[in-house]
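Each of the two complexes below includes chain A, the first together with chain B, the second together with chain C.
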Partner chain A sequence: MKVYVNDESITLADASTISQLLKQLNTSPKGIAIAIGPNIIPSNLWNEYKLEADDEVLLIRATQGG
Partner chain B sequence: MQKLIIAGQEFNSRLFLGTGKFSSNQLMEEALIASGSEMVTTALRRVDIQNPEDDILKHIDPNRFRLLPNTSGVRTAKEAVFAAELAREALQTNWLKLEIHPDPKYLLADTIETLKACEELAKKGFIILPYMQADPILAKQLEEAGAAAVMPLGSPIGSNKGLITREFIKIIIEQANIPVVVDAGIGAPSHAAEAMEMGADAVLINTAIAVANDPIKMAEAFKLAVQAGRMAFEAKLGAQLNQAEASSPLTSFLDL
Partner chain C sequence: MAITKLNHEELNRYQRQIILPDFGEEAQIKLKNASVLVIGAGGLASPILKYLCSTGVGRIGLMDGDVVEVSNLQRQIMYDESDAGQYKVEVSARKLKEQNPNIAVDCFNFRLTRDNAADLFEKYDLIIDACDNFETRYIICHAAQKAAKAWIYASVFEYGGQVSVFNHITQTQYSDLYPEAPDQIPLTDGEKIGVLPVVPGLIGLIQASEAIKIITGIGQILDGELLLYNALDLSCRKLKIGKQD
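Right after this comes the complex of A and B.
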């Protein structure tokens, strides 16, 4: 299936979890936050939360700023 | 020097630093340490999944610095609340620099949206330090809305123009029951010292340090200026007079 991560199309195995997505993206789960559409998904749910086709995933992290 | 207390948390340093505009994370880390600061701001950004970047958090020792994520980039109270919740999740802190400035030219805070967001975020348990216009009425309204401190601007963000708003900041300081942190526009250690002499509880500096030729030395210069300004405030400055008052005896000793 396809999902969109920060507007980029990513192909994933069906019913992948958020943790599996992060692994595929080679992204450390530390210091990031994830929202699916308008819903922020707490990190303690990432192992079980299953993505659906066409989900829009927002993946953010801290950066330099004043 | 008296310790600064915000929301029950003690700070030995009254200098807060932003992490923007440094030429490298390594240089930023060294400047943060040289400043003696104990609170630093960060922004949020979308992860670029094609180009993973150096993680800024590796360069900010959590034992030394409290993180103060900001909401820069949002235009409304609704967006600010969403960004605040993302920041809390990403950084595991409920401390927040609330900033809503929809106009990219002057980056002035949207007063109405800032107040609205502050009210909502306080109900959600955030410790909010709002960036704001130097408006004494608004400062009281934000205090009543649950802000932990207020952060009026000295002059526009990144302008280095110093305390253009000084008369209004004085009123804010006089009336506040929560700490007043002068944020934005402080371009030189002398500006920071002036803010502290006026009785500001702290200052937040970013551009002036990050774009200096030697950010590490400038960070230390700000550290000393903030300490000097605070000590002068605590020692209480002498009154200004409109005529001279001799410091030396005026008795004539040359009998000519």
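Right after this comes the complex of A and C.
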């Protein structure tokens, strides 16, 4: 299936979880937040939260500048 | 002791906000009785401090251990070239008192630590995070929870910024959003991260606006939500933050 991560199309196995998506993207789970549509999904659900086709995923990075 | 009346000078100075719908003298008195601790005195803090001062927040605490450098001046609009080498909190205090002699300013020319946070937070109604590093932000998160004080988070990076209000009505925490700092922090020195000068200006103003709303009880607070702003496409998104169990 296809999902969109920060507006870029990504192909991944059906019913993949957020954790599996991050593994595929080679992205560390530390210091990031993941939103599906308008909702940020807490990281303790990433192992079980299943993505659906055409989900719009936003990968947000913690930044520190002030 | 709480003040219950404004004097003639204050009624004149603040008239354009006192006449706002739902504002009135009542909101102004709440501001006068309020105390806010601003952690960091850089790019975010410059507009935060100027506007909290002009709006009439009664007591403002300034906390930063750094001195003004010329490379700060593109975004830290509190400071002028002649301020270089002086403690940021001392320069800010002088300028704020000149801007509005009705407010009290407390200066702390050192960094927030796990050891000093509890005593400091105890003395203020509201905390504003205008710092430039993860370590301080997690100290704020922890200490604000312990002291039961709301805090207004923001950080900026390159052309964008993010804002939220934590430990307020929904009790959402920074650690719900980011349980851990990134593994690899490419540059820990805030000075070396590229940032468009107007971005901390804009984001700091959003923090000041939320502070005024929290103190006066006017409007809806950015509580349990993350605001993302990007200057490049002038986009602004609000996302709901899910809490960790």
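Operating definition for what follows: the second predicted complex is superposed on the first by the 65 of 66 C-alpha atoms of A that agree within 3 Å, B and C clash if a C-alpha of one lies under 4 Å from a C-alpha of the other, contacts with A are read in each partner's own complex, and residues count from 1 in each chain.
The rule is short, and it goes like this: a contact is a pair of C-beta atoms (placed from the backbone, for glycine too) under 8 Å apart; a residue touches a chain by one contact, two chains touch by 3 or more.
Just so it is clear, the model here is predicted, and its values are computed rather than measured.
In the superposition on chain A, A:40 makes contact with both chain B and chain C. Of the two partner chains, chain B and chain C are each touched by A:32.
In the overlay built on the shared chain, the residue A:66 is in contact with chain B and with chain C.
Legend: residue contacts after superposition of the two complexes on their common chain; A:58 is shown touching both chain B and chain C. With both structures placed on the common chain, the touch criterion links A:11 to neither chain B nor chain C. Shared contact residues of chain A, touching chain B in one structure and chain C in the other: 28, 30-33, 35, 38, 40, 42-43, 58, 60-66.
Interface residues of chain B, counted against chain A in their complex, comprise 18-22, 25, 28, 41-50, 52-53, 55-57, 67, 69-70, 72, 82, 85-87, 89-91, 157-158, 204, 206-207.
Contact residues on chain C toward chain A in their complex (touch as defined above): 40, 42-45, 129-134, 137, 154-157, 161-162, 176-185, 190, 193, 195, 200, 226, 228, 237-245. Per the touch definition, chain A reaches chain B in the complex via residues 5-6, 8, 10, 25-28, 30-35, 38, 40, 42-43, 58-66.
Those residues of chain A lying in contact with chain C across their complex are 28, 30-33, 35, 38-45, 58, 60-66.
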